[in-house]
Structures are given as structure tokens and as C-alpha cells.
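First comes the structure, then the notes that go with it.
Letters A, B, C, D and E mark the chains in the order given here, with residues in each chain numbered from 1 onward.
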Amino acid sequence: MGLADAFTLVCAVAGAILFLAGTLGLLRFPDTLSRLHALSKADSLGLGLIVLGLLPQQASLMGGVKLICIWLLAQLSAATASQLIAGIAARRKPQA
Amino acid sequence: MSAAGLLLAAALLVPLALAAGCLSRAFQARVPGLLWLAPMPALLAAWWLPAGTSVSFPVPFRMTLALDQTGAILLGGAALLWGAAGAYAASYLRGKPGLTGFCVWWPLTLAGSLGVLIVADIAGFYLLFTLASLSAYGLVAHEQTPAAKRAGLVYMVLALLGEAFLLFAFVMLAAGQPDPNPLIRDAVAALPGSPMKDGIVALLILGFALKMGLIPLHVWLPLAHPAAPMPASAVLSGVLVKAGVIGLIRFLPFEAALPAWGGLLGTVGILTAFGGAALGVMQQRPKTILAYSTVSQMGLVAAILGAGLAAGDPSAPGLAAYYGLHHTLVKGGLFLAVGIALACGGAHRRPVLLITGLLALSLAGLPLTSGALAKLAVKPMLGYGLLSIAVSLAAAGSTMLMLHFIAVIARETADNPGASAPPAETLPFLIVAAASLVIPWWLYPTLSGDALASAWSLASLWKLVWPMMLGVVIFMGAGRFAGLAGRVPEGDILVLAERQAPRLARMPAAIERLDSRLRLWSAAGLVLLGLVIWLGGGFLLAA
Amino acid sequence: MSAMALTSASLFGLCGAALVGIGLFCIVSHPDLLRRIIGFNILGAGIFLVFGAVARRGAAMELGGDPVPQAMVITGIVVAFAATALAIALLRRLASLTGSATFEAPAAPPRSEP
Amino acid sequence: MTPTYAATSGGLLLVLAVMLPAAAALAMLVLGPRHTRRVALIALALGLVVALATGLQLVRSGTALIYVIGNWQPPLGIALRADGLSVMMLAVTAVVMAATGLFARELFGLDLATSDGRLATSFWILLMGLWSGLNLVFVSQDLFNLYVALELLTFAAVPLVCLDGRGETMAAALRYLMFALLGSMFYLLGAGLLYGAYGTLDIRLIASAGQHGPAMAIALALMIPGLLAKAALFPLHLWLPPAHAGAPAAASAVLSALVIKAPVFLILRLVVDIAPPGAAAVAGQVLAVLGAASILFCSVMALRQERLKLMIAYSTVAQIGYLFIVFPLAGVGDGTAPWGTIAWTGGALQLTSHALAKAAMFMAAGIVAEAIGHDRIRDLGGFGRVLPLTATTFGLAGLSLMGIPPSGGFIAKCLLLTAAAIGGHLWLALTILAGGLLAGGYVFRVMDRALATPAQPLLLRKPIPLRLELIPLVLAVLAVGLGFLPLAPFGLLQIGRPDIALVSP
Amino acid sequence: MSLFWSISLLFDIALVAGLIALALHVVVTRDGRGAILAFIAFGLLLGIGWARLASVDVALTEAAIGGGLTGMLLLRAHAHLARHAAPPPPVAPEPRRWLVPAIACGLVTLALTAVVLAFPQPAPSLAHQAVASLETTGLGNPVTAVLLAYRAIDTLLEKIVLILALVGVWSLSRDAAWGGASQLQPAVVPEPLVFLARVLPPFGVLIAVYEVWVGADLPGGTFQAGTILAAMALLVMLAGLRPAPPTQARALRVMLAGGPALFVLVGFLGVAVAQGFLSYPEAIAKPLIVGIEAALTLSIAGTLALLVAGPPDRAPEP
């Protein structure tokens, strides 16, 4: 197991733990906004860590670029989705 | 195709062409005037063509027509009655509603009823028999009254039932033959050796008995025949029931004796002869009485055929046909007579009633009439046993019934205003009446084998007269018919059956309920799963 | 590797069998039409997994699976989507027209004519 | 290794039969509503020519026509194959399609405002899709390809049902779609199991396999009921009556005459060509029981209907039953060749004559509904007076359904009855007879109304052109004309049957 | 190796358990919206399952169509039904109602289980033949070879199925709206969605082109690319950046029919210059196939997007 592999392992495990924490937050937190907060924060970071960890494993430069693209796209969609959900939650609240 | 063959084919095709002509609006108006012409080729064929003339239609029309003596006798009588009734109808129905429909059904029924007398192959027979049965519905239900509708419904149900019996019988009959559509003759020759013999004969008798109106399958007849307009009643009662007679003649193996089946047919025939007369006496309408008389007379024909079948007597068909000819002309004449009599009054009434009475008593066997000849001709074949006596007693019943008929018709026409039937109606009636008196004399020697003179002999006269006298005595003695009249509704046991109808109607309702339940989504889904499991289990077990 | 492929194929095959059962149950017995349509998709997924198991078992020639059933599954997924789309379009139209999302109407009443 | 299929000359005709309508549908989509009808009529004419040429080619060569698509031999590729039965189906389809096309042209022509509109344009495109699917069902040799064909049928048939856009037809269409999909799913699952067991979906290759395991049993047990659901055999007929009764007349004609025949055809191929003898015998028995139940039950239901089109729809379910009692009558599964028997010919004739007669009947009912404004049987008294040709059509088609001579239906029932009598299947014989009686009942009900004299004469809402009435009449006359075929097994139906399986795979 | 073995087996088992649990949840939950969300999760999970079955092509298709587009369809339908249809009367969960179907479905599952476990050993496979014939097609991805060469007629006719489905959906419109466009854009478009719809589509188009291009040799291809394009188109229309096109537009119809039409044309070209219908001349097989794929991708994208959009509900502009 080389240095690169060790780096991958550490990053991936850390990413997985963040995912787990995010999921726990989703299940346990009381209201929509805080759930969303836990989920998006943990997921963005978790995915980032995993992608980071996988980078040394890529044989070609192209593969690395693809991985980073994936992370960026996930960031984009996660941000939008969070915005949308938060918007709906905010609109509902005053009426409730 | 020879000229003779063409004429035979024309007997079938001309009426069909006439029916087709009704599709053209321009031609429609002329059809009623041509109705009398439709049976003329058949009449000519019966008159001129020698027995044994046959013609096969070209492929793909698989049909063979053949004329034999039996067929010719019935064909001649039937064609004559059709022609006369056609002429009568043209006058009788002029200006009444539904004439066009009548002009379609009339030639179709005509083609079917004449065709069955000359067709020689099984499929062709079934085709023409069906044509006659189904088209006759149009005549029965023509008047669209509730009674006519009910009669039409009952007629249709039983006719289709009869078709089903016959189809099954024919299919089994043809199953053993090399040709898928054998000649009737060949198939019947092989019948006694068939493993399905009893089933076939039973189905044949059931199917044809329905058409002839043998008790207890007669229920449609007293409803249907009176419901039709007068000329249609004449041919329904005079000709159409003969489709059953010719069926029995053609399909039962008279060369080989079938004692059990012959005995059964004979017994049913005798019972029908008595039953028809007994039930008829309790009726009040002239046409219904005549219908019951037809039932009774067909019973006699069945008795003749039954005796022939039991003894293996090949002469039975000819004699039955001779009796049938007599009945065709007389019964047809009587129905026309009812129409004429109802239209006549005053001075015109008496001669009509006279001829009517003569015809009526001819049915009972009045000496010197066709009835007498017919009864004399069949006597030798019936022997001198129980059957012979029974037939003679049936003649007593006929006498009684006919006297009742004469009394009723006289009563019904008593108050008619002084008028006369139009000559276009009277003339056909007179022709039929005359033919009924003349033609049997002409045929008697060939069929009975006796000289004409024998029919004059004292012994013969006595044979005829004693049952008639008995009939007269019963009629006079039991003057209490007035009390009985109307006791039995038209269609007797059918009425009892109809009372059970609500109970029967519950089943379709139950089926409907089941259907609506099965058509629920969840039920259908479950059934589908069940089918998968059923088939899967079956396949695994079979593997 | 091949033994592993077999085990995993069987596992997903069994999963497919289970999904078929679940999907069928949903289709047959769920009262809600939309849910039945989802049931169809679950049933389809189960069937496709059976195909997938068959494909995986046929792994050979350095291929992860037999390409023929895989291609069939792709075709099947697209057809299933089209079916879902048509069913949903019908359901939406039905709801707009009649105000209810069920087809268990009693026998169709006679047409009302002007 | 010898190839499984050797392409024969004229095989390309089979491709044309499938692709021509599909290409026409694409062309309609591109060219737009204004040209739809013209494209459809050209395609119908060409399709008729292709069907005719296929028939001629088959008769001339005396062997089945084969085409290997893209020259990729099965099991990897797909072969098309048409034997006598397939070619007969192609021909019947082409005839009914052509008649439907002409009928629809006249019917839509009655109302100029809608003749290029939603209903007409969708109808033409869907009709072409239907035709493509039908032809593919009759010629394909690959079970997955057949699945695609079945889906083509479903997707074309379902929207046809609800073209008039009423709520109740939407419900009927949705019900049809969902049940047909359920059937497709079962079929697809069975196909998957067969692929898992045999590594191919080619009918001939599967038939030639020596050994059959449980996969075959379960696959057949899934596929046959799945197809039955699409064929709407009792008791799986929940969707048919409302769907066929609710569709526009031209669509009902095709749906009832042809579309439900496709799954029946496939069941026939599964049972006769693929199933091992033991399973085939079991399937034959089960199918015959269901067929007989269908005849009796749904004929009674037809008798009870108050609307003409519903009555005809129930009659369809009943008539389909006759096709399923063929299995034991033809001796399927007892080791003999069923296609030489009279029952096989009877079944084929029943298929054909019912297709023609039922199409004619639905078209006639459509004319009645169009002209009078409703189709309540009770209130149709005297329609024979105002629409004599339509009443004649109904009567002639009815003759064939009842099995009254001379008609194709009569010959079919006569042959089936003969087979039942010879084989000693008394209960089937009685079913056939009872079915004929009940059919007589429901046809009679309508004819009685047609001939009745109503108190108030019926008035036509709009004039019906003669050409519109003539089209169903021609179909009905054809159905009756089939009655002049010889009463013997057809040679045509046997072409290409014996070599359905390879002698040495 | 055995550790890897058992870890991957454990992962598979967990995946399968998750799938079954989600499916059960879809069936039993009372909450209609929850069922749909669970189904979307199910679709994504299933995509992973397909990847585990070494069918990356299928995995991509399933995730995109099974989870994504179907989910969108279902959610829109749910919202529509909530507005327009009375909720169905609640049915009491009596055992009688569900026990018999459950037993029947269980039996079917049982039979399938038996068959799956009893499949013959060694498994029959067409992998050899598929690979052996790859050369003639010039392709590298056997799945694409099956879809566009060996069983090309399936693919072609399946396109016709899609088009029929689309015509069927269109035929459900009101007569007045026939030929018009469907209304996808909600009354209020949230700002973030508009942002996403502006940013994402270029990436989507790029990925789609890439998919078609590599699909010849690597996993991916016309279906996956078409689905991505469809998703982009829907996003743009939902965000209101571009209205949905009227269905009578000639350009749209040419795009929809173009792919299959080209397919048919090339097919018949094969009769003239190659070995029959849908056979490609060996020299130019690959360019032909990629060309067909490109045209098909556009058709599929249009068809899928319009299927999700549903029947037109605005009258066409004259």
C-alpha cells in the first residue's frame, strides 16, 4: 500500500463518515431548514473528500478532470436543490 | 347442363332472384305482382321432369339437386300452393304496411321450402332447410302485433334449437364419409353401420319432429301459424311443416329396419294425432284450430314413417309423401278459405262455407276426397294391428276437430255484411281446392299399386266411414265442447313453461352479476395470477 | 471471479423475483391508480433484474455479462417509460374530465344525447 | 455449421410488410395533418400489394418464406419467417386494414371540420402503427422481437380507444392499457426465463432443444396467461367490452377483428411450436375449458346488453373462445401434426371469418350510431327501413357469427363440430352448438329491431353516403363467401409447418 | 481476495435488502408523495445494482430514465391529481383483501426463485458470438453492436413504439389544443431553478455528445445521451427560459421522425449495397452506425421530453 493508497483510504473514510453524519442529521434534526443544512453541508464536503481521495487513483489526466466535473456538477445541483427546498420551507412558514 | 337440369336449378334460383330484386328500389313495387310466378319453375319441374333428373352446381357452390318420385309429389303440391298463395297474397296485402319486407321473406322461404324437396347433398339440405326456417320468421312476425312478436320469438328459439340438433346429426352423419359433403343417399346407406347410429337417429328425429310439430315439440306451431297473415299461414301450415317430413324421409334408413326407433316414432306420431285433435277442439279461433289439425295430421305422417322404419319398408316414404301432398293442398286451401269466408257475407257466404266444409271433411277422410285416397293408400302398409286401429280412431278425432272448425267458422262469419272476396283471392282458393280434389286421383294408382276402382269398393268405404261416424257421434254427444272451449290456451304446454320463465331469467341475471364482479380490477388480476399458478402447476406435473 | 459473478447474479436474480412479487401485489391489490403505475415500474424493475442475472451469468470473453439481454433491458426500460408516460397522461386526462382517478365505474351508462 | 435459417427468395416482402406501415407513420408525422390521409391510402394500397405478393410467392414456392435481418443468423440476430398460417393472417390483416382505411376516409369525410383534426390525424398514424405491429407478430421468429411487436400493438391500440375524448372512454383506455401492460410484463418475464435456460429467443432454436427444465414450464405458465390477458379471453375480459364499444367505429373494427387475434396467434405458436408435448396437452385442455366458458358466458352477456356496440364487443369475447377449443380438437400435444386436421382448418377459418364479419358488424354499428345518434338496441326499431344496406350487412355478418350456411362461420363451426364428433369431445360439441344458438339470439335481437315497424319512423341525423354503407357490406359478403371454400383441410395452412423445428439442431 | 469477496457480497446483500425494503415501502405507505420519493430512491439504488451486475450501459439508462424522468412524471401527476381528483375513499386494510393476492404473488415469486436457482450450468451465453462478430461492425461496445446491428430491428421498432406513445399522448389533448404546446412552466419560477437552467444545459449537451461518441466503443450510447438531452430540455422549459414547442411545428416533427427515418433508409440501403435489410457495408459500418445514433439521440431526446411534458394544452398560434 503506497502513500497514494493511504491518502485515498483516509479521504474516502472521512467522506463516508461525513455522509453518515449528514444522514443522521437529516433523520434527527427538528425542522426543514436545519435538516437541509446538515444534509447539504455534509454531502458537499463528503463528496468532495471522496473525489479528492480518488484523484490519485486515476491513470489519466482525463479521468481526474471528469471526477472534478462530477463534483462541480453535484455542487451545482445540490446548491440549487437546497435553495428550492429552503424557498418552499420559507414560504410555508409564515402561513403555518 | 341439360335443359332438364336447368329447369331444376331454376326451381331454386328463380325465387332467390326475385328476393334479390327487392334490393332494387325500382323493382320493389313490381315484386308483389310476381310472387305467383316464383314457384312456377318448380311446378313445371315436378310435372315434366322424369324422376332421376339431377344437376350439380359448379364449384364452389357445392350443391346437387335431384328429383325423385317422392320429391316430385311433394314438390308439385307445394309449388301449386305457393303459387296460389302468392297470387292471393298480392291482393290480400295490397297497400298494407311492410309489404316490401314480406316480398323479401316470401320468396326466400319459398326457395328454401321447395329446395329441401329436391336437394341431394347434406350441406345443401342444411342450407336450404335453414333458409326456409329462418326466412319464415319474417312471415310469422310480419304483422308486428304483440302476439306475432311472441310467436316469432318462440318460433325462432325452437327453430334454432332444431337447427342445432340437425347440424350435429349431419356432422356425425358425414364424419365417416370420404367426401366431406356426401350425398344424403350415400350417407344414409352407411348409417346403420355407424357407431354413432343411435345418437344420429335421435338427433334427426328431434330436429325434424320440431319442424313437423310432433308433441311435445309442437308448441310453436299453434302460435306461429295463426299469427301470420292469411296466405303465409297457408304455406306455413301446408308446406313448411313438410320440410320435417322430407327430412325424415330422406335421412332415416328405410331399407334397414330400426324397430326401436320406428316404434318410438310411430308411437309419438299416434299420440300427436290424438293430442292435436284433443287440444284443437278446445280452441276458439279458426286458424288455431287448423294449426292444431296440422299437428294432428303430421302425427299421422310420423306414424306412417315410424311403421315403415320399424318394418324396413321402403314404400313408406312414397306413401308419406302422398299423404303429405293431400295435406298440403287441403290445409293450404282451408287457410285460404278462412280468409275468403271472413271476407264474404250474405249470398256469397254459403258456397264458400260449402267448399270449406268439403275440404275440412276431406282431412277426416270423407269418401271420394283426397283424404279418403290418402288413408286408403296407407292402410295396407299399416297392417291390421293396433296401429291400424289407432290410425282409424285418429280419423275420428279429425272428424270431430273439423266439425268443430266448421261450426266455429260458420259462427264467426254469421254476421258478415253482404260482400264478396275479390276475385284475385277467390280464384287461387278455387284452384287449390280443385287441385286437392283432382290431383290425388291421378297419382293414386302409381302409389298405392291398386287400381282406382278399388277405392270405390264397399270395403274401402266402410273403412273410411266408420271412424267418421264415430267422430260425428262424439261431436254430437259431447256437445259440452262449449265448456271446454278456451280452457287450453294457444300453445298449451308452452304457457306452463313460460310461467317458469322468471325462474329461468334469474340465471342470466346471475351471470351478469358474476361478470360485473369478475370485471373488477382486483378480481381480474387475481384470476390472472391464479391462471399462472394453475398452468405452472399443470406444466410441472406434466413434465 | 466467475463464482462471484454467479453468486451475485443469483442474488440479484432472487431480488428480481422478490420485486416481481411486490410489484404484482401492488398492481393487483392497491386501490390507488398512481400507485399501481408505480407497481408496474417495480414489476418491470424485477423482470429486468432477472434479465440482468441471466446476463451476468453469461459473462465470458472478458465481458462482464452477456450483451444481448443487456441490450434487451435497455430497450425494455425505454418501453416501460413510454408506457408509464402514456398511462399517466391518460390518468391525468381522466381526472380532469371526471374529477375522480378511478376506472372502476359501473357499467357505462347509455350515452346522453342532445 | 449450417445456418439455422436459409433466406428464401421473396423474404424481403416480410420486411416490407412490417416496415412499410412504420415508414408511413413516420412520413405522416413529418408531413403533417394535411397529407396524412393521402399517405395512409397509398400505404394501404402498397400494403395490400405486398400481402398479395407474399401469398403468391408462398404458393409458388410451396415452402415458408424466410428472411434473416441484416444477415445476422439467430441466435445472435433475428429471423422473419412466414408459413401458410402467417401468410393467411397477413392477407386478412391487409384486407381488413384496407377496408377500415376506406371506411375511415368516408366517415371522417362526413364532418369536414374535423377531417384534418386531432381525431383523424391520430387515427391514421396509430392505424399504421397497429398494422406494423400486427404484421410483425405474424412473421417474427424471435420472442423478444415479438414483445416489441406486442408493445407496438398496445401503444397503437390504447389511444385509439379514447379518441373521442370522453371520460368513460378514458377510463376504458386506461384499464385496457394497464391490463395489456400486465400481460406484456408476464410475457417478457417468461421470455427472460427462456433466454436464461436456452441462451436464445429464437422459436426454432428453442423448439429444437432436446431437454426442457422447469424454466420452460414456468415461462410458458407466465407467457400464456399474459397473452390471454391481451386476447381478453374470459375471465380476463374486463377491459374489452368498454374499450371496443367506446372506440370510434373504424377503430373498433380493427381492434375487434385483428388486434386481439395477435396474442391468440402467439399462444398458438407457443403451444404448438415450443411447448413440449406433455405441457402442450395440459395447455390445450386448460385453454379449451376457458374457451368454452368464454363462448357460453359471454354469449349470454351479449344477449343482455342494451347497447349495440357493447353487444358486439361481448360477442367478440365469445367468438374468440372458439379459437381456443381448437387445441384439443386438433390433437395438440398427442404427438400428431395438428395442422393437417380439420379442426386446425376450422380454427383458421373461424379466425378469418370472424375478422371479416366482426369488422363489418362494428362498421355497421358505427353507421347506425352516426346516422341515428345513439346505439340503444331498444330504440333502433325500423333502422332497416332507413339503412337497408347496413341492416343487410348486419344480417350477413350475423349469419357468419351464428354459423348459419352459407358462411365462413358455418364452415368453421361445421369443421370444429366434426372434429369434436370424431374425437368424442361431446362437451365441446355441445358448447359449439349452444354458442351458435346464443349467437342466434343476439343477432336476432338486432335484426328484429331492424325489421320492426316503429310507431314513429326513425329519422336520420345526417345523410349516409352509399360508399360508406358499401364498405362493410363488402366485408360481410366476403365473410359469407368464405362459406364456399371446400370442407377439407387447406393445403395453404400446411405450407411450412412440418419444418418448424430443425431435425438436427 | 476472500475479504474482497465477502465485502462485495455484503454490499450486494445490503443493496438488495435496500431495494426490497424501498419497494415494500412504496406498496404499504399511505403517503402517495412519499411512495413516489421512495420510488425515485429505488430507481437510483437500482442503477447501482446494475453497475454491480457489470452492466454499465443499463445502469446509466436506469438511473436516468427509471429514477429521473419517471420520477418527474409521477410527481407532476401526483400534483395534478391532488388538484383535480377527489381522493379515493380510504379502504380498510382487512386481511381478506390482501391475503389472497399476497399468497398468489408469493407463489409466483417462489416459482421464479426456483427457476433462477435452477438455471443450467454452464450458463448459455451469446457473449462469444457477440464479440466474434464485433469486427464486422467496427464497434467496440458489444451492447451497442446488439442494439444497432445484431438486433437493430428491435431498436428501430422500439423507436416507433416511442413515437406511437407520443402520438397517443398528444391525442389526449382537447381538440382546440391539438397542434399546440404543453404548459410546463409553473406560475412562479423559483430563481435558483432559472439559474440552474442557464448553467447546466451546456454541460448536459456536452455530456450527451460525449456519450454518443464513446458509446460506439465504451458504455454509453444513444439512449443515455437522449435522456440527458431530454432532461436539459425539460429543465429549460420548466424554468420558462424557452416555451415548449408547439407540436405542429414542422422542425420538431422532423427531429422526432428523423432518427428512425434515417434508420429505415440506411436499412433499405443495406438491401442494395450490403447483405440485406439493416446490414451495413463493412467499410463504412461504424460511421453509419454513429450517424444513426446521432440522429436517434435527437429523436429520443425530443420524444422523452415531450412524453414528460404531456398533451398540448394551449391552442396553437395560427
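Following the convention adopted for this analysis, a residue touches a chain if its C-beta (ideal position, glycine included) is under 8 Å from a C-beta of that chain, and two chains touch if they have at least 3 such contacts.
Fair warning: this is a prediction, and the values are worked out from it, not measured in the lab.
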**Message:** Strictly by the touch rule at the top, which chains does chain C share as contacts with chain D?
**Reply:** B, E
**Item:** chain C and chain A - chains in contact with each
**Value:** E
**Request:** Starting from the Cα centroid of chain B, hunt down the chain whose centroid lies farthest away.
**Result:** A
**Message:** Using the touch rule stated at the top, which two chains are linked by the largest number of C-beta contacts?
**Reply:** C-E
**Message:** Quick check for you: compute each chain's CA centroid and the global CA centroid, then name the chain with the smallest gap between them.
**Reply:** D
**Message:** What's the distance between the Cα centroids of chain B and chain E, rounded to whole Å?
**Reply:** 71
**Request:** Return the distance between the CA-based centres of chain C and chain E, expressed in whole Å.
**Result:** 12
**Message:** Centroid of chain B to centroid of chain D, CA atoms only: how many Å?
**Reply:** 42
**Item:** Distance between the centres, which are taken as Cα means, of chain D and chain A, whole angstrom
**Value:** 57
**Asked** Can you list the residues of chain C that touch 2 or more other chains?
**Response** 20, 24, 27-29, 37, 50, 53-54, 57-58, 68, 72, 75, 79, 82-83, 86, 90-91, 93, 102-103
**Item:** Overlap residues in chain B, where contacts from two or more other chains coincide
**Value:** 520-522, 525-526, 529, 532-533, 536
**Fill in**
For chain E, residue numbers touching 2 or more other chains are 97, 101, 104-105, 108, 111-112, 116, 119, 123-126, 130, 150-151, 154, 158, 161, 165, 168-169, 172
**Message:** Under the stated touch criterion, can you name all the chain pairs that qualify?
**Reply:** A-E, B-C, B-D, B-E, C-D, C-E, D-E
**Asked** What does chain E use to touch chain D in their complex?
**Response** 111-112, 114-116, 118-120, 123-126, 129-130, 133, 149-154, 156-158, 160-161, 163-165, 167-175, 178-179, 248, 250, 253-254, 256-257, 260-261, 264, 267-268, 270-271, 274-280
**Request:** Please give the residue numbers of chain A that touch chain E in the complex, ascending.
**Result:** 69, 73, 76-77, 79-80, 83-84, 87
**Prompt:** For chain E, which residues are in contact with chain B within the complex?
**Reply:** 97, 100-101, 104-105, 107-108, 111
**Item:** Sites on chain E touched by chain C in the complex
**Value:** 5, 8-9, 12-13, 16, 19-20, 23-24, 26-27, 32, 35-36, 39, 42-43, 46, 49-50, 52-55, 57-58, 61-62, 65-66, 69-70, 73-74, 76-78, 80-81, 84-86, 88, 91, 97-98, 101-102, 104-106, 108-109, 112-113, 116-117, 119, 123-128, 130-131, 142-143, 145-147, 150-151, 154-155, 158, 161-162, 165, 168-169, 172, 223, 300, 304, 307-308, 310-311
**Request:** Report the residues of chain D in contact with chain C in the complex, numbered from low to high.
**Result:** 76, 144, 147-148, 151, 154-155, 158-159, 162, 165-168, 170-175, 177-178, 181-182, 185, 188-189, 192-193, 195-196, 199, 242, 245-246, 306-307, 310, 373-376
